[in-house]
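In what follows, structures are represented as C-alpha cells.
Each of the next two complexes has chain A plus one other chain: chain B in the first, chain C in the second.
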Partner chain A sequence: MARRFRISTLVSLLLIAVMVLSACSFGGGDTETKNSQVLNLAEIQEPPKLDSAKTTDVVSSMILGNVMEGLYRLDKDSKPVLGMAAKEPEVSADQLTWTFTVRDAKWSDGKPVTAHDFEFAWKRALNPETASEYAYILYPIKGAESYNTGKGSVDDVGVRALDDKTLQVVLERPIPYFKDLLCFSTYLPQRQDIVEKYGDKYSLEVDTMVYNGPFIFTDWKHNQSFQVKKNPSYWDKDTVKLEEVNWQIVKDNTTLVNLYNTGKLDFTKLTSEFIDAFKDDPNTFAIYDGSSWYLEMNQTKDFFKNRKIRQAIQLAIDRDTFVKGILKNGSIPAGGLVPPFIKASGVDENKKYRDLVKLEPEFDPAKAKQLWQEGLKELGLTKAPTIELLGDDTTGAKANLQFIKEQLRVNLGADVQITSVPFKERLERGKTQRFDLLVSGWSPDYNDAMTFLDLFTTDNAFNRGKYSNPEYDQLIRKSKENADFKERFQDLKKAEEVLIDDAAIVPLYFRTEMAVKKPFIKDWYWSAIGPEYTLKWTYVETGK
Partner chain B sequence: MSEKNMKSLTPEMFEFVGMNESAGEEMARERVGFWKDAVRRFRTNWGAMIGLFIILIIGFFAFAGPLMNGYDYESQNIAIQNMEPFEDHYFGTDSFGRDLWQRTWNGAQVSLQIAFLAALFDLLIGVTVGSVSGYFGGRVDMVLQRIVEILYSIPNLIIIILMLLIFEPGIIPIALALSITGWVPMARVVRAQILKLKSQEYVLAARTLGAGHRHILTRHLIPNVMGPIIIAVTFAIPSAIFFEAFLSFIGLGIRPPLASLGSLVFDGSKFLQIYPYQLFYPATVLCLIMLAFNLLGDGLRDALDPRMRK
Partner chain C sequence: MDMIKYTLTRLGYMIVTLWIIVTATFFLMHSLPGTPLQNEEKLPPLIRDQIMETYGLNDPLPVQYMNFLGRLVQGDLGKSLTYDGRSVTEMLLEGFQASSFIGMQALVFGVVVGLFLGVAAALRHGGLLDNIATIVAVAGVSIPSFVMAGLLSYWVGVKWQLLPTALWGTYEHTILPSLSLSFFVIAQMSRYIRTEMVEVLDQDYMKTAKAKGLGRQAIIFRHALRNALIPAVTVLGPLAVNIITGSLVVETIFAIPGIGEFFVQSIQVNDYTLIMGVTIFYAVLILVTIFVVDILYGIIDPRIRLAGARE
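What follows is the complex of A and B.
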C-alpha cells in the first residue's frame, strides 16, 4: 500500500514537471504557398459505405458528392445547379409530375449515363431487401413508402425511364424542395451491370465501382488514407482545376492540429480546446453543421405547463454571451428554431427562410424575473422546485449546461441541478420524459423549414417536452399537403411564431464548427445539408 | 587509598538512612512511555514534520482561503474569462470567468472532506470487522475473511463506478463508494494484529479476572493496535484523494459547478497548451496534499512501529 502511493506521488511530481515544460507554446513551419493543384486534407474516419443506396455517414456522402453526380449538385450557396440533368425539368401544373432530360455524359468506363441508371438506383434503395437506412429520403416519390415498407409493389413506384435520356418522376404530394433532395447521395445514379457484377463487393474498393463525377476515386488504403484524381471524362472537366486530393484518416484532434501546424495538412477542424489557440489566426472559418439547438421543457409536469414559467426561462438566458463566451465556435445565437441556411423554398429561391422570418433572441432578466414570480403565484408556489437540467456528458456539453444553470440561478433564482449522461442515455431519458429541462439538437433532413417545424406537433416522437397546441398542429398539417407554396410559407412562418410565443422551447444556438485552412485554398464550398463539401470549383492559388 | 585516609574515617561521618524498598524500582532518567517515545521519534523526522506543516497550511487555506477575496466558486463572469492572475484573482479565472483561487481552495476543501469521510468509514468498518474476525476466530473469522477476499478480488474501480451510477454524485456518496472497498486493507491489518495480541498474558489475565469480550476488545486489544490503525488511516487519506481525483477525471466525480481538485485538474488539462496556469494551481495543491500525507504516513509509521522501519 505505502509503496504504491509513494510511487503515485512520484508520478504526480513528474506530471508537474512535464506540465511546466510543455507550457512552452508550440508553433510550426508554415507553408503558405503551393505550386501544384493538390490538396492534403483529413477525415476522422474511414468511409464505411460508398454504396449510394445505403450510405448514411458524412464521410461517404462527401466522397460520393465529389466522385458521383446526381441530376443536380449544390453550388457555392448550397443552391441546386444542373448536374446530370441537361436542362430544367418540365413540371406539371399540380407540381406532381417532373420530367428530366439526362445530359450526354459518360461514366468513367466510357459508357453513357442514362435515365435507367437513376431508375435502377432509386428502386434499389427502396427495395426492402437493400435495407437502406436512408430510404425515407425517397418517400416524396409516389408509392416509394409503401414499396419500401413492403406494402406496395415496385411497379407502383413513381419513377420511370421513358427512354435512355428521359426520366419521369411522380411525387406523392407537392413539395417545394425536391430539387434540393436530388443532391442527396441516395438520389445518385448507379449502373445495374456494375452493381450486379460485383454483388457484395460493390463499392468496397476503388475498382469495384464506376464514377460520373468531377473526380475519380483512385486509391484507398483502408483506415489510413484515400485519394481522388480529376476525372478526364467528366462533362464539365474544364471547370475542375484540382488534379489530386489526398485524405489522411486521423482520429486524434491533437494530431490533426499538429499535422496542420507542420504543413502536412492544408486543413483541419478545430475542437473546442484548440479554438483559443487559433483565435487570432485569419485563416479560421466557420462551417455550418446545419443543426439547431434548443432547450425542451417537460410539459407533462404541472410546473412547465405554466406558460409564464416557460417564458421566464426563455428570457433568462443570455444567448449572445453564451455563443461568444462559451461556445466561441462561430455559432449563431438563436431566436427561433429554423437555422439561417434553410431556404425560403417555394417563395424565393435566392432568399433564406430567416431573411423573411426574423426572430431575434430576447434577453431580459427583469421581465423574466417578473414572469417567473407571476408564474409561481399562478401555480400557488412560494418557491420553485429544484429543476433538473439534462444534457450530454461531452466536455463541450458540460460547459453549456454549467452556463445555463448559472444563468437561471442568477436571473431567476432557480435551483438547477445538472445531470450529464452519455448521448444514448440522453435520448432514452428524453423519450420517456425523465427530465425537467433537456438540451436537444436537430439536424435537417432536407432544405426546408418543415424538417424543423414538423418536430413539435403533438404526436411527433421527437417532441420530448410534449408541447401541444392545436393551432400549431393544424398549420403544420395543412402545409404538408399544400400545393400553394406562398401560402405554405406564410403558414410555416406563423407556426414558428406560435412556437416561440408559447415558449414551447428555448432556442439556444445554430451550431457551427471552427476550422482552419491554408490561405491558398480558394472556392471551397461547404454545405450544411447533403455532401459536406464539394471540390468541383476549388483550386489552389499558386506561386506567390 | 592510603592507610592514613582509612584511619581518618570515623563512624560519625556516616548517617543511617534506613531502607527504601521502592528505590530500586525508580528510574534514573525521566520515564519515556510508548507515545512519548513516538512523539520524540516523529519530531526528529524532518520529512514527517514538513508533511505535517504542509497539511496544516493547506488545511488552513482550504477553509480560510475562500474568505479572502470576496468572490465565490460558482459565479460566472464571461467578461474576465481565462485571465491569468490579476488584482485579487490570485490564481486567475477559468473559462467561465470564475475565480480560480476560490475554486482551488473550495476544491481542496471538497477533496479533503471526501478523503476524511472515506477514511472515517474505513476506520469504522475496518476496525470492527478486523477485530471481531481476529478475536473470535473460527467460523466467524472464516465467513468474514471470505467476504473480505471476495471484495479484494474484484477490481475496486469497477465497484466504485457501479456505486456511483446508482448514487447521485456528491460528497457523501463518493466517500461511501470509496470506502465500500477501502476498509478491506484496514480490516486485514487489524485482524493480523489482534491475532498476535490475543494470546498475550495480559489478555489471559483479564479473561481470568472475568472481563467480557467487549471489555477485552475495547480496553486491551484495540488500544494496542492503535499504532498500525493510525498508519493505515494516514495512507487511506491520500489514497482517497487520489481516487476521487481519478473519478472526477473520468467524469464520475462531483457535480458541477462544485469542484474538487480532481475535476479542476481535469478542466485545466484541456487548456494545457493555452492556459497552463489553470492546471498548474490545482495540480500543485493536489500533489502537495498527496506528498504531504505520504510523508506524514511514513513518519508516523517510523515513529509508531519502529520495527517496520527499513
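What follows is the complex of A and C.
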C-alpha cells in the first residue's frame, strides 16, 4: 500500500510534467521570407524619456525619429532632407537669420503642424525649469544659452513663429551644420495644448502624446515591448511601406541571438562573442555608433607634461592589432580624433572630413623607445614612475586595458597598473584628474568636426588630461565665430594636426558594432549621429 | 491577549528595523560617485548644477533625508529619476506582477516536488530513491539558476523548440523561467524534509503511534511530516521572498518585464528614488514574511506559540 502510493505519486508527477510540456505549442521558426510589411526588432532597454525636450538616450531618440518629424530628417547617407520644412529656408547673407516655411502637415489628432509648435518646443527645452539635459544642443540659437542658464529672458531667444507657417530662427554665430542639428530630437516640434493637458504624464504612455512622423506609437508595455504603426495622416505616407514594427526589450546578448535564430526577431546586434559564429553569414553588417575612443594623459603631472613621453606612448600602441585581435567588432583603428563619418561640412557636403584630412595611426616601437629614453633624460629620471591606467570595469573594457598595459610594457618597458572602476566612478575620477592614463570616449552631438575638436581647448571640462596649447585654443576659438567656412575647415584640420603632433591624446579606435538582419529587410538606414535608424523608407521584400 | 501584545511588539520591531534599513540605504546610496543624470558625461558643469537644483539634489543630505522621510510617511515613493516622471510605486507594482507570477509558480512547483522527493527519500532511507534525491538536491543547490535558465532556454527553446526561448505574453512564456527557478526550491525542500523526516521517524513517539494501531499514512502525514515541516517553513519564508521578488539573471535571460533588474540597474545609474523604492519594497516583504513564519510556527508547533507568548 505504502509503496504503491510512493510510486504512483512519482508517476503522476511525471505525467503532469509531460502534459505541461506537450500542451505547449510547437511553434517553429519563421522562414527567411515574409508576406507582410511587419518587422520584429529588439532594443536592449526601455525608452526612458520620450519627451523630446528632455530625452538623451539612444532608444528614445530612435523612436522619436520615427514617430515625429522635425524641419529636416536624415536620409540614407545621413544627409538632412526636408521634413516639416516645405522648402529650403531663406538664409541671410551673414548666415545668421534662417526663415523656414512649415509644410501642410497634420498631427495624428488631425490638427495642423504649425511654426508655433517649434517655437514652443525649443523654448520649453531651454526653460531652466524643464531641466533638460540636452538643452545645450540649442545653444547655437541666439540668446538660448543665457536663457537656459538663467541669465537671459525667454523673449530674447532667437526663435519666433512669424505666423502659423513661418518660423524665423536667429543664430548666435554662423555654423555650417545647422540643418544637421535640425534632425536632432531636441529640435522636434511639440504641441503646447497636449504638453499642458498631460503635464508630468506627457509622453509616459502612447496616448499622452501626438505624432507627426511616418509612424505612430501604438503600444507600449513597459519593460517588455513597444510597437509603432504606419501613420495614415503623415504628409509623405505614400513613401512609407512598413505597416507595423514591433520591438521586444531584450537585455541579454545570448537571448537576442536565440530569438533571432528561432525567427522571433528579424534583427539583432552581435557582441564580440558571437562574431565568430556569424562570420560567414552574408546578412551581417556594421553599424558605426559614432564614438571616438582615445587615451587621455594627465598633464597636470610633470611626467606627462613632457611631450616626448606622450609621443612615445602614442607610438607604442599597435592600434591595428588592438582592433583586429581584441575588439573584433569591425571598429576602425584611429590615427586622429574625428571619426570617418563626420562630414566635411561647409566645404563639400558630399565628402567626409576624413577624406580630406588623412591621419593614419602610427606604430613605431623603436622610435617610441628612443623618445621614451629622451623624455626620461629631459625629466632627469633613470626610471619611469609606475603609471596608473584608468578605465571601465566591464569585461570588454578590461581586456582593452590589459592590451594597452602590455603594449606599454613590451614596447617601452613601462610599469603600468590597471584600475577598473564603474562608469560613474570613471567620470568622477576623470573630472578630478585622479589618473595617469584614462580611456575615454566621446559621441558626437552634431555632424561637424567641431563636436570632437573643441573638447581639448584649455578650459573645456571634458579635457580631463588638461592639455593646453594656445595655438590650438586660438584655432578653435576662431573657427567658432568664422563665417568663412572654407577657412574654418582649414583651421579645424590644422587644429587636429596640432593635437596629434603634440600627442595631446592617443587616438585608439572609432567604435563599430556588428549586427545581423534577415535578408528580406531592405533600405534600412542607420546613422551615427541623431536617431540611430530611420524606418521611413524601409520595406519588406515579400514573397521570394 | 498575550497573542495581541506579542503581535504589536513584533510590529513595533518591524517598523524600527525598516527605519534602520531605509536610513542606512539612503546614506550609503548617496556616497556612490556620480549623479542620477543620464547625460552626465556631456553636461556642462553649470547646467548640471542647475538641473540638480531642480531635482532638489543640491540640498544638504540631512535635508534631503528629512524630505524623503516626510514623503515616505505619506506613502509616496516619488518618481523615478531615470524613467522620467514615472511613479516608482507604479513601476514596482507592474514589475512585481511578472516577477511574482513566475516566482509563485516556481515556489509551488518546487515545494510540492521537493516535499514528495524528501518524504520518499526518507522513507527509503539509504535506498536508490534516496540516492537519486541526494543527487537532485546537490545539483539543484550547486547549479545556479542562470545556468539552468541558459540550458533550458537553449535546449527546450532553440534546439527542440517546445517552448518559447524567451519573451513575455502568454502562459507558455512563464514555464521555463519558473522551472529554472524551481530547481533550487526542490533541492532545499527535499533536503530539509528528508533530514528531519529521518530523525523524526526514529523518535519513540513514532513507535507509540504505531503501537496505537494508526495507519502508516496517518503516522507519516500527521505525526512525522508535521514535525519535519518546521525547519522547512523557516527557510521557506525568506526563500519565497527571494523568489517572488525576481531574479535578475533569470529575468534577463528570458526577457521578462519583472523587477529583478531594478535592483541592479537603479544602483548603476544612481536612480535614488528607485533604489529606495526597491529597498523598501523588499525589506517590507521580508519583514512581513518573517512575521508570518513566526505565526505559522505556532500553528505547526504549539510549543513555540506558548514560548513566544510567555516572554
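One rule holds in what follows: the second predicted complex is superposed on the first by the 514 of 544 C-alpha atoms of A that agree within 3 Å, B and C clash if a C-alpha of one lies under 4 Å from a C-alpha of the other, contacts with A are read in each partner's own complex, and residues count from 1 in each chain.
As a working rule, contacts are C-beta pairs under 8 Å (C-beta built on N, C-alpha and C of every residue); 3 or more make two chains touch, one makes a residue touch a chain.
Just so it is clear, the model here is predicted, and its values are computed rather than measured.
Undergrad: Give one of first, second, both or neither to describe whether A:L204 is in contact with chain B, with chain C, with both, or with none.
TA: second
Undergrad: For A:D445, is the partner it touches chain B (first), chain C (second), both, or none of the two (neither)?
TA: second
Undergrad: Based on the superposed arrangement, let me know which partner A:D51 touches: chain B (first), chain C (second), both, or neither?
TA: A:D51 contacts chain C only, not chain B.
Undergrad: Output check: A:T262 vs chain B and chain C. Expected answer is one of first, second, both, neither. What do you get?
TA: Once the two structures are laid over each other on A, A:T262 reaches chain C alone.
Undergrad: Under the stated touch criterion, which partner chain does A:D276 make contact with: chain B (first), chain C (second), both, or neither?
TA: first
Undergrad: Per the contact definition in the header, classify A:G325: touching chain B only (first), chain C only (second), both, or neither.
TA: The first partner, chain B, only.
Undergrad: By residue count, which of the two partners contacts chain A more extensively, chain B or chain C?
TA: Per-residue touch count on chain A favours C.
Undergrad: Quick check on the output: what are the common chain A residues between the chain B footprint and the chain C footprint?
TA: Touching chain B in the first complex and chain C in the second, residues 1-2, 5-6, 9, 13, 20, 25-26 of chain A appear in both lists.
Undergrad: For the complex, which residues does chain A have touching chain B?
TA: Chain A residues touching chain B: 1-2, 5-6, 8-9, 12-13, 15-16, 19-20, 22-23, 25-26, 272-273, 276-277, 321, 324-326, 393, 395, 398-399, 401-403, 405-406, 409-410, 417-418, 420.
Undergrad: Quick one: which bits of chain C touch chain A in the complex? Just the residue numbers, please.
TA: Chain C reaches chain A through residues 32-35, 37-47, 50-51, 54-55, 79, 82-86, 91, 94-95, 113, 116, 120, 123-124, 129, 150, 153-154, 157-158, 161-169, 172, 175, 216-217, 252-255, 257-258, 261, 268, 270.
Undergrad: List the residues on chain A that touch chain C in their complex, please.
TA: Where chain A meets chain C, its residues are 1-2, 5-6, 9-10, 13, 20-21, 24-29, 46, 48-49, 51, 54, 56-57, 128-129, 131, 133-136, 148-150, 200-202, 204, 221-225, 248-252, 254-255, 258-259, 261-262, 264, 422-425, 427-428, 445, 461-462.
Undergrad: In the complex formed with chain A, which residues of chain B make contact?
TA: 74-76, 78, 81-82, 95-97, 185, 232, 235, 238-239, 242, 251, 255-257, 270-276, 279-280, 283-284, 286-287, 290-291, 294, 297-298, 301
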